[in-house]
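Sharing a structure here in structure tokens format.
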Amino acid sequence: MTILHLCLIFSALLFSLGLAAALARSSGILVLLGIELMLNAANINFIAFWKFSPNPENGTGAMFAIFSIAVAAAEAAVGLALIIAIYRHQSSIRLQDANTLKG
Amino acid sequence: MSASSESILEAFPLTIRDWLASVVPLDWLQWLILSLIGIVAILTVFGLTFAFTTVTERKLLGRFQNRLGPNRVRIFGIRVFGFFQPFADAVKALTKEDIVPAAADKVLHFLAPCAMVAFSLLGFAVLPFGKHLSLLSNIDAALLYFFAAGAASELAIFMAGWSSNNKFSLISSMRALAQLISYELPLLLVAVPAVLMAGSLSLTGIVVNQGGDLGILNWNVFTPWGFAGFIIFFIAALAECNRCPFDLPEGESEIIAGYLTEYSGFKYALFFMGEYFGMMSLSGLGVTLFLGGWQAPCAALAFIPSYLWFYAKLIVMILCFIWMRATLLRLRMDQLMRLSWKFLVPLALVNLGTVTFWKYTADWEGGMLVARWLIAIALVILPFISLGKVLSSGLGPRKYRYA
Amino acid sequence: MLGTGILKGLYITAKNLVGSYYSSERLTTIQYPEQRAQLPENYRNFPFLVYDGEDAIDGLRCTACKMCEKECPPQCIYIIPERDEKGKLQKKPKVFDIDISVCMGCGICAEVCPFESIKMDHHFEVAQRNRFAGLLLHREQLAKSNKYYHSIRPKEATAVDESLAEEKRKAEEKAKAAAAAKEAAAKAAAAKAADAAKAKTDDLEEKKN
Amino acid sequence: MPSSIDILWFIPALPLLAAFIGAISTQRMRSVASGSALSAMAVSFGLSCIALKDALAAPGVHQVNNFSWVSVGTFNLQLGFLLDPLTAFMLVMVTFVGFLIFLFSTGYMKGDENYAKFFCYLSLFAAAMLGILVSNSLLLTFICWEVVGLASYLLIGFWFFKPEAAAAAKKAFITTRIGDLGFLIGLIWLHSISGTQLFYNNGEGFLETINLVEATAPALFAISAIGILLFCGAIGKSGQFPLHVWLPDAMEGPTPVSALIHAATMVAAGVFLMARVFPLLEFGSALTVVAYIGAITALLGAVIAVAQNDIKRILAFSTVSQLGYMMLAIGVGVWEAAIFHLLTHAFFKALLFLGAGSVIHAAHHEQDIRALGGLAPRMKITFATFSIGMMALAGVPFLFSGFWSKEAILHGAHTWSVSHIPFYIGLVAVVLTAFYMTRLMANVFFGKPRSHAVEHAHENNWVMTLPLTLLAICAILLGFLGTPAFPWLQAKLLGKDLSGALEFGKIFEGPGLMITSIVLVALGLGIGWAIYGFRKRERFGDADPLEKRFPGLWSALEHRLYFDELYAATILKTNSLLASFSDWLDRWIVDGAVQLVSKLGTLLGFINRDIDEQCLNAGFNETAEEIRGIGNTYSKAQSGDVHGYLRVMAWGFVAIVILVSIALNI
Amino acid sequence: MTTFPIITLLIIAVITLGITAVALFLKNIIHCSILLAVSWVGIAAFYLWAGAEFVAFAQVLVYVGAVSMVVLFAVLLTQRKQLDLEKLTGTVGFRELGKLAAAMVATVLVIAIATTPLTGSFDAINEPVITVRDIGIQLRDNHIGALLIVGVLLTVALLGAVVVASAEPKTEE
């Protein structure tokens, strides 16, 4: 077991926590937060692999993390706007209620 | 670090710290003590500055309005123009009843003032107080750290507003958040030019970049972009610390005391303290970015230790804050937003262009130097005038239609 | 241009700041407990009762006419007139209380008093520990000498004194005149009585006859 | 300091930026739009001057800055920028005249409600025009060429609420498109032959390799054809003979537009293009065509201009005529004289147009010369500058630039080895030019005012008179750059060394020719003054003296020799006939067939339905029920529940990992 | 001294995971959001540990400064009446099923990571190797396209968010 393993396990657990939140909570906001956490877990992987890569000086992992943070910010903004729109539409942010497309 | 050219005073605080640390034999304990001494020093200096700023502010406000201001408090019969006021205030705040509303979210209600003070103290960690005085001097992205720490204090305000379970508190914390977010943008944008010129995000680097043979003229504020940036920074900083004329979140005429409505006693005092710490750290940042940090205005005055210069500039900034408070009226919410988004942000963006021009014309000489200055000044003045026209269009002396 | 107004404002406040240190006209603050402002003569606060002479209770001008009690808008005056042993009303108050926690200092009592007895005071430091009993002033506390009255509002007091003296003089004259008239009337009555007696005797004599 | 070839692209880019700013400017920000347009032009002018200085330092050298635009596999399309004296002279002229016209426009368009839009269009136009000038690639030229067309369309139709303006814009756009089609075909053909679009590329541009082509018959034919096709584009843009009809109509646009586009710059683009590809034209036999077309246009324009009444129309036809001159010059092989005339013409024609604009502005948009009159004492600066422009155009000797450039062209035509016909046509045009300009002057500035507005006309403010004055000075001085004694301009253009200093002896090069032309100019002026000067027009309705004498000819001329009617009768008619024919074809033949098929289909359908209902339905219904049942079962999976999907995904992930690890025996 | 970084990492990881776990299963959404902000700070601490200073501060600035604010605003805007907490937490079966799935994923991931032999000298702790200056140069030279695209993306996303979230004009029906 190396430190890299530890980092990866940390990231995996964080990912699973995010997944659990997305699966077990009904509030749309919390589901979104869970997804944000999963993204963060991915970022942790990037940073970890960058740190332990053979040539970290070109900084690709850190670069990727920065871009991913920027994209995550956009994702959060759009996601929460969607949730507000859903709320306005059906005055609830329970995702179980958002089943208009049910077959 | 050549000691010969500097006075002993320059390194005096460091000497004391090292001496204190050397008492302890253990290696890791020494490290701990070294850190602790820095923290304690900051807390003491700025805590006292906070205390005396409050009384100075009240006294100066009095003078600005042709009054005397507080001058009564005495300790053991000694009355130094009322400068013991803060101690009386502290005793009063400590002994007052701490009221927590029954419907409040108790945990957050308690945490909010603590978080406020803690986050507002974070900024001090990276400020270079003197040539050798900075807690985290080796930090590379100090400016980014500063703003990240500042962003966190929004959370405390939200916590305060929400946990009080009071509609005024909530409205005011929403207002405060909107205001902080809106004014963080110009603040960040005008910090970028200084970074651009210094080629470094490190605050120490930015200060060093403002040194040189010309002394005071090397300071960023004495360039067209620096001057404009400093003004924008000052306005945005006023708004960031909820100071008059941007003290809408505490607009007592509309929403009682804003998010402080449900706070009393020492918690209230903590908020107060947090705001003043925020003001001081922002002033420190302004000094660092534009006023040459700890640099002395000319080489002849360099015998005064650098940290004293920094402190003097900081005090001047704070006095300007007070002066503003004594002069200006509170804005309306829509005016506040308009000022930021339609005036400061565009100006700050234009300023980015100006500084780029400035940087790329650094080698112009002679007549071209004059041209460089003229163009840069025009780049500052013209947008200001035209945007100012747009901003103040439709305003003017009030017309009374039915009078 | 934008910002000139702000600069002007800053200039004005800066002028205040500097000016307040050397120009005493600017700094109008009076350091209250040590320094006191000269109150204008017509300043009024709560009412007091004027007495003449040395003794506070005996010299009270008040006649317990209850005029002020009736007129007082917040009804903060309470008067019980003195009675002698037989229960006859005396022209003196036995109880004269003013509740200054209720009094609004309107001065109507002083306006309506026909005897120049109740006047408005300059004294304003009336804070008390006991907010019920302490603020209910009795006639001993209310009674203040005419000298004090002169000291707080000299003009008015002099005018009052003059008019009182005038009244007194008039009253004396009137009394004198009344006395004279009484005398004359007595004389006339005596004469009339004599005439009547005489007539009666005459009548009786006639009847006898 | 970067060399000017590297910063050359700034020259068109700045007006483009200004156009963008203008596009996003609101009505309230009108001064932003005009300010940015003006400053962009000013800076471009400054850069152009620097470029000119650099170009003159190295005459005959074509500095290029090429870059790859599209690169697909082995196909590599290059664009680029080019700096040589030709480009540089044109750049300076366009930016300078453009700047003055922009300045003039700020005054002229002051009250217009689409002010910002106007400057947006103007800047767009300037950007595209400058793009043509700096382009080192026929393709880039074509792109800018089309943008110029677009901008001209927008500007002519700027007052789109006037039906004439809208129609004129459409006409200009479509007419020039006809020419551009030729240009495009020529461009593609050229690319297929030479494999490059670049003019110069260190010995690999097609203008450089053209001399290496073997003069075989097919090659000669192809290159001549390409030359003529490219000339088609120039015909459209420069208003040459068959496609000249749009130019006079384009005068419906605002006057600064007329000055900028239809006098100084855009119409010159065709001439510039011909000068640019001159080596190509020279190789084939296209030049002869160019010369004759030019000669015909020169005569035609001058003749029609005689009988026009609209002040701007007269100037427009005179432009057509002068452009014909330039084409003639190129056709006879003296392209440097053509460019010389182009430059001088740009200045004095812009001057004339702006003068006309000044007159029109002062006279409350009265454009009919019969209604004007007596303006000389009322508008002194305009009169003085207009006269200078008029004399330059008419070619009054020695002092005025038009004389020298025209002389250079006539000299070139005289020495053309192929034929002398163009030369004689040119001489006739000289007389006519002097004549109609005299008519114009006499009617507009002398006599007495013939309408109410004119009586109250007065001089305009400085933004309008300053450009006039500057242009007038240029209209005089510019001629001395290219006198026969000191042909500095021509030498620089040709990349020759200017051997020796002034040669006063050569000033009367070919004295006979010069005297002839002076006499002809004097003749034109004299006749003009004799007819219009001595007996001035009294009232608006008076018939023209020439009209009384030759009514038939006059009315033909007044209707511009019935070109529009001719086109309407021939081309448009044919077109609509063709359209009606295809309509008929569609309606009866194609549609009939379709109808027939559909009827057949319906019939089959009827038969089909019977079979269906009787035999097949029962079986199908059963199957459909079955399918619906399956669908219902599976649709339960489509729960609309996000969590459900996520959960299934998670389980699926776990299952896949387990399965894979089992399969791989890990 | 190789144990020190490991201990630091473990502390950061345990605290972050703990706070996140608590945060995600609190009933009060506001508490959730604020605690999550803390866990984002924890992640930033990990970045600091890894030597990616810039990323750490960007993380704090973006997540704590912006995203958590947006989340809190969203919570406030969608919480006009008292929340039916039972309704929002879902049924027991629903919750447990979700947690089970997540736990399975966690198990699979951890096993996969643990059994993967990662070659190379990963035990050596590298000092921070990328400075802000390097990042700036990288952004300017190698990633300029990505930077521009991200800028455009952010602008478009924000505009879209505003459009989606802004109230529709009320239509008469």
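Things to note:
As written, the chain order gives the labels A, B, C, D and E, with residue 1 at the start of each chain.
Here, a residue touches a chain if its C-beta (ideal position, glycine included) is under 8 Å from a C-beta of that chain, and two chains touch if they have at least 3 such contacts.
All values derive from a computational prediction rather than experimental measurement.
Looking at which two chains touch through the most C-beta pairs, you get A-E. Central chain (C-alpha centroid nearest the global protein C-alpha centroid): B. Distance from the centre of subunit E peaks at C, each centre being the average of the chain's Cα atoms. Ranked by distance of CA centroids from subunit A, the top chain is C. Note on chain placement: the centre of subunit B and the centre of subunit C lie 63 Å apart, centres being C-alpha means.
As a whole-number value, the distance joining the C-alpha centres of subunit C and subunit E reads 82 Å. Once the centre of each chain is set as its mean CA position, subunit C and subunit D turn out to be 105 Å apart. With centres defined as mean CA coordinates, subunit D is found 60 Å away from subunit B. Looking at subunit B, one finds that none of its residues touch two or more other chains. Multi-chain contact residues of subunit A (touching two or more other chains): 19, 22-23, 26, 96.
Residues of subunit D found to touch two or more other chains are 643, 647, 650.
Residues 634-643, 646-647, 650 of subunit D touch subunit A in their complex.
Residues of subunit A that touch subunit D in their complex: 19, 22-23, 26, 31, 95-96, 98-103. The touching residues of subunit A, when paired with subunit E in their complex, are 1-10, 12-27, 29-30, 32-34, 36-37, 40, 43-44, 47-48, 50-52, 54, 56-59, 62-63, 65-67, 69-78, 80-85, 87-88, 93-94, 96.
Taken in their complex, subunit C has these residues touching subunit B: 1-3, 6, 9-10, 12-14, 16-17, 19-21, 26-29, 31. Subunit B meets subunit C in the complex at residues 60, 63-68, 323-324, 326-328, 384-385, 388-389, 391-392.
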